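Shared between the two complexes below is chain A, which has chain B as its partner in the first and chain C in the second.
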Partner chain A sequence: MANRSLRFHVGAQIGIAWIILMLGLTALGLTMSADYVLNIDLAHRLQPPLMFGGNSVNILGTDELGRDMAARLIKSIEVSAGIAFCATLLGLFIGTAAGFVAAEARGVLDQLVQGLIDFQASVPFLIIALTLLAFFGNSIVLFVCLMSLHGWERHARVARSMAMEANALGYASAVRQLGANTMRVYALHILPNIAGPLIVSATLAFPEIVLLESGLSFLGLGVQPPLTSLGAMVGFGRDYIDVAPWMVLLPSAAILLTTLSINLVGDWLQDWLAPRRR
Partner chain B sequence: MLRCVNLSLSYRIPGPFWRKSTRVFAVNDVSITLPPRQTLALVGESGSGKSTTGRLLLGLETPDAGYVMLNGTRLPKPGTRRWQKLRKRLQLVYQSPLAALDARMKISDAVREPLAIHNIGTPQERALKVGAALEAVGLTLEQSSRYPHELSGGQVQRAVLARAMVTEPEVMVCDEPMSALDVSVQAQVMNTLLEMQKRMRMAILFISHDLRLVRQIAHEVAVMYLGRIVEQGPTELVLHRPLHPYTRALVSAVPVIGARGQQRIVLAGDPPDPSRPPNGCPFHPRCSLAVDRCRVDRPALRTSAEGQSVACHVAEIGAEASR
Partner chain C sequence: MIRFVAIRLLRAVLTVLAVALFAAIAMRVSGDPAVIALGPTAPAEAIAAYRVQHGLDQPLVVQIFVQFTALLSGDFGISPLNGRSALQVVSQRVPLTLLLAIPALLIKVLVGIPAGTIAAIRQNSLLDRLVMSASVIGIAIPNFVIGLGLVLIFAINLGVLPSSGQPNLPGMIMPVLTLALAGIGTLARFTRSSVLGVINQPHVRTAYAKGLTERQVIRRHILPNATAAMFPVLGLMLGSVLAGTVVVETLFSWPGIGSLLVTAVANRDIYVVPCILVLSSVVMTLTNVGVDVLQALRDPRILQRGR
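This part shows the complex of A and B:
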């Protein structure tokens, strides 16, 4: 019992600390005026960060258009994390719903859902993403929906197999035999019981979606300027990597630390949510 | 009154593709009547179809042949609205209670759930009913505010019993309800069952292989072997003057304190593979009394004047000899 406690999980503590810091910065970013993020100052372009001989106005230096790196980084974290959060939630919802439908309906519907799961799992996601973005153009809503397709198949597999297990023998069939309808069985019994594995599955998907968003934005297919994201910053910084390496390094470090933190917290959650049965 | 007529349920076991799948009869041609306030005990070895018969009687499974009637109407198909509504009148007490309870729901919430499902009573009335049910099975308030895994096996079993009785069902099927309980608790639960039965005119199907419990609670006993009822009758008759050789073996296996030199009939071999039941009487390969006729001709149930039925060609001869 004791070793499951957060107190003994240093990695999760670091992860949570970073996530809290990020949330704080994001809150700060929301109060920041758009002007500040977009403010172009060509006289002070490609300034290095303070500790590498820069000025104290732009602590983290400036980019190729003289925009403040610190402000853009905060804005990027907000956008990237926001997209990843919305996409993870949406994916979790889609996956769980699909898994439950498959488990309940069996037969043709189950085959269909399983087919979709296998399709999703066997086609490189980047190709699906490129195709859809090429056909439908790019908007932030479409982009979030697209990102949510990443990982839904894992949630669906978890939801389907655990719901089937509960239905076959055990608490769910017992509740049905008391006369409960399908909604009640799934909402009040199966969902709370499989919430643990689903949350773990979501914490796996979240950093992957951050990376995916970064990758697509790096390729120029994701978040479009003037909006910025961590991946977009890395993408635009690529051209200046020899004269202004901080333009790539800072957002890259933010991506690394964010995904690492979520993974660490996910590891701990996995232990903490493990069923405590005899 | 719950009555089933000629119930059969078989499962298909798919073999390799070049061979035909085999049919296994879990329950074969079983007819049972459960009048109110009566307890019928269903005894037999593991795999003899006792539990399946119980599930068929409650309408949890659909029989291949035969039907189940509750007060003159046939049970609806599982999963339908009518079937769901009927659940409050037909309840099952599970063999493995821990698996039947939601691990994330407190005992008191689990016991309240049938009332919520069937929309019975106001919140206050529900709380009263839940309290009464928990008290009847001997669970304290403190125990009922815990989660299933925090209780002992016997306490969980009693919680399942409380959940089954809270809707005051007409028929209750108890599937080996006592196997997880120690003897003192068995007596308590048994008394609870008997009291409930008196108060609510409940009929009980008591599935067990503990003949001592059966003797205490059952008005009538049915003995199953390989999916069929081989002997049925009033408890006193069946347990004291068993007619079927299989029942005799079962009865002789019950240890009696102080009875030395009791003749124990030891059955040879295992029960046959249900996918390839023997010809004739299904019991003949293990029967010491078997004659030629038993190997070719399956005996039908014959009923004596006292209401004891037996499916055996040689039974009455043996019984008369011992009289």
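This part shows the complex of A and C:
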């Protein structure tokens, strides 16, 4: 049997290291003034990173407007990770609530929730997302809500089946007979007991949302300037790929490290929290 | 079996109806079609006349119903961008997208399934670790990063392939590779775990015990059982290829449905977008029905479970 301790899981250690570094950079980003990130310096445009013969002021080079790549990367990591984090939490909330409602109400409401799950699974989410963007335009709040719709159906499926299982067990009916109302039974008794699989489901959703957000921003349909995200940086850098490949490679590497880290940590969490599912 | 197919088909029809209804509501609730058709500078009388002419003065529910029935009869409206019917604009692009999607799906299956099988049979070997590490990275990497990496290597550094896709063989190579590589890891991983599920079962041990070679056991006893569990993933693969074409076609300026969708969304073309949405839901649900039926033919136990 595989040892589930973190000590033996090198991938998860690397993943956690990058996540901590990312959080540190995000904290650093919050203290950075907006002027510094947006500072345009046309005299020093398209400078290569230090290790490829660049200057020591802009250690990761500059972009097409002479803005510092390091500062923009930190800002982008902050935005991308922030969007993915908010959207994952919101999606987890929506999915869990829908799953609980389906499990409690059964009947028509259950059918409705299952119909919505089928609906979402019937079309690639990217196409649904693009349709909603076409009809309702784009703003950062709307965009986060849109991203949260990705993966809610998996959380809902998990929450629904686990809550049905839990309801059949003694503890749920025991607290019900003690007079706890439905909200209390679900929030204080069932939720803590099924949190493991839900957290695993969320760690699956998070990297997918990072990929989705970066894909849409790459296409120019996600995060809009002056705000920037990792995908948007790759999208704008694409036009300069032959003269300044670092503009594409640096944010690409940041995306890859982020999704890879969460996947590795998720694998380990899955072994640790829900060993039954292998 | 007939009952099973009928139930699946009914569910597929209901799903497509739901997608069409969603599209109809979105088309009527967002923005004013009269302003979109005539432009924001059109005089108020012209807009009013257009509204009466196209039934936009009716109650919202009636409008949504009219739109819904129009979508179902294949009338997606006239695209304001080029003045032709949306269905025409979209269907013209279908062959070019298939030209990318079909080879990409083939490569995915022909590489992903053998790689996963070998990894499972040689579990914990160097090869297994290699395949698994590659697939972990393959799952984490965005498709546009794969595409730009290929451009950087083959178009810019080596200069052997064109970076924007003309619909010919050299122009196809990079878009097809990008589509195929994204998601191949998921397939390899899934194949590995399904083969691992079969490999330790008694009938496989019996097959070895009666003296079959490893090749025979894999071909006749392991793969048929493992693939039965893998049909649903092939449905998912189609979905990921469909979504992938959106990014890949834009990246390589390939004139297929995916790049059309991006242009349509950027220009808020409210006729082409629902057309693509409804058509792709039809393709996806029909594929899923086909996959379900194939799976049931392969594994009749599903018929009992599906009741």
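Methods note: the second predicted complex is superposed on the first by the 261 of 278 C-alpha atoms of A that agree within 3 Å, B and C clash if a C-alpha of one lies under 4 Å from a C-alpha of the other, contacts with A are read in each partner's own complex, and residues count from 1 in each chain.
In this text, a contact is a pair of C-beta atoms (placed from the backbone, for glycine too) under 8 Å apart; a residue touches a chain by one contact, two chains touch by 3 or more.
Predicted, not measured: the structure shown is a model, and the values here were computed from it.
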Touched partner set for A:256, first chain B, second chain C, both or neither: second
Touched partner set for A:192, first chain B, second chain C, both or neither: first
A:184 touches, of chain B and chain C: first, second, both or neither? first
Partner chain in contact with A:241 - chain B first, chain C second, else both or neither: second
Contacts of A:175 with chain B and chain C, given as first, second, both or neither: first
Partner chain in contact with A:215 - chain B first, chain C second, else both or neither: second
Partner with the higher number of touched chain A residues, chain C or chain B: C
Footprint overlap on chain A, where chain B in one structure and chain C in the other make contact: 278
Interfacial residue positions of chain A with respect to chain C in the complex: 11, 115, 118-119, 122-128, 130-137, 207, 211, 214-215, 218-221, 231, 234, 238, 241-242, 245, 248, 252, 255-256, 259-260, 263-264, 278
Sites on chain B touched by chain A in the complex: 58, 60, 84-88, 91-92, 94, 98-105, 113-114, 117-118, 149, 163
Chain C residues touching chain A - in the complex, by the definition given at the top: 11, 14-16, 18-19, 22-23, 26-27, 29-31, 136-137, 139-145, 148-149, 151-152, 156, 193, 239-240, 242-243, 246-247, 250-251, 261-262, 264-266, 268-270, 273-274, 276-277, 280-281, 284-285, 288
Interface residues, chain A side, partner chain B - complex: 169-171, 174-175, 177-181, 184, 189, 192-193, 275-278
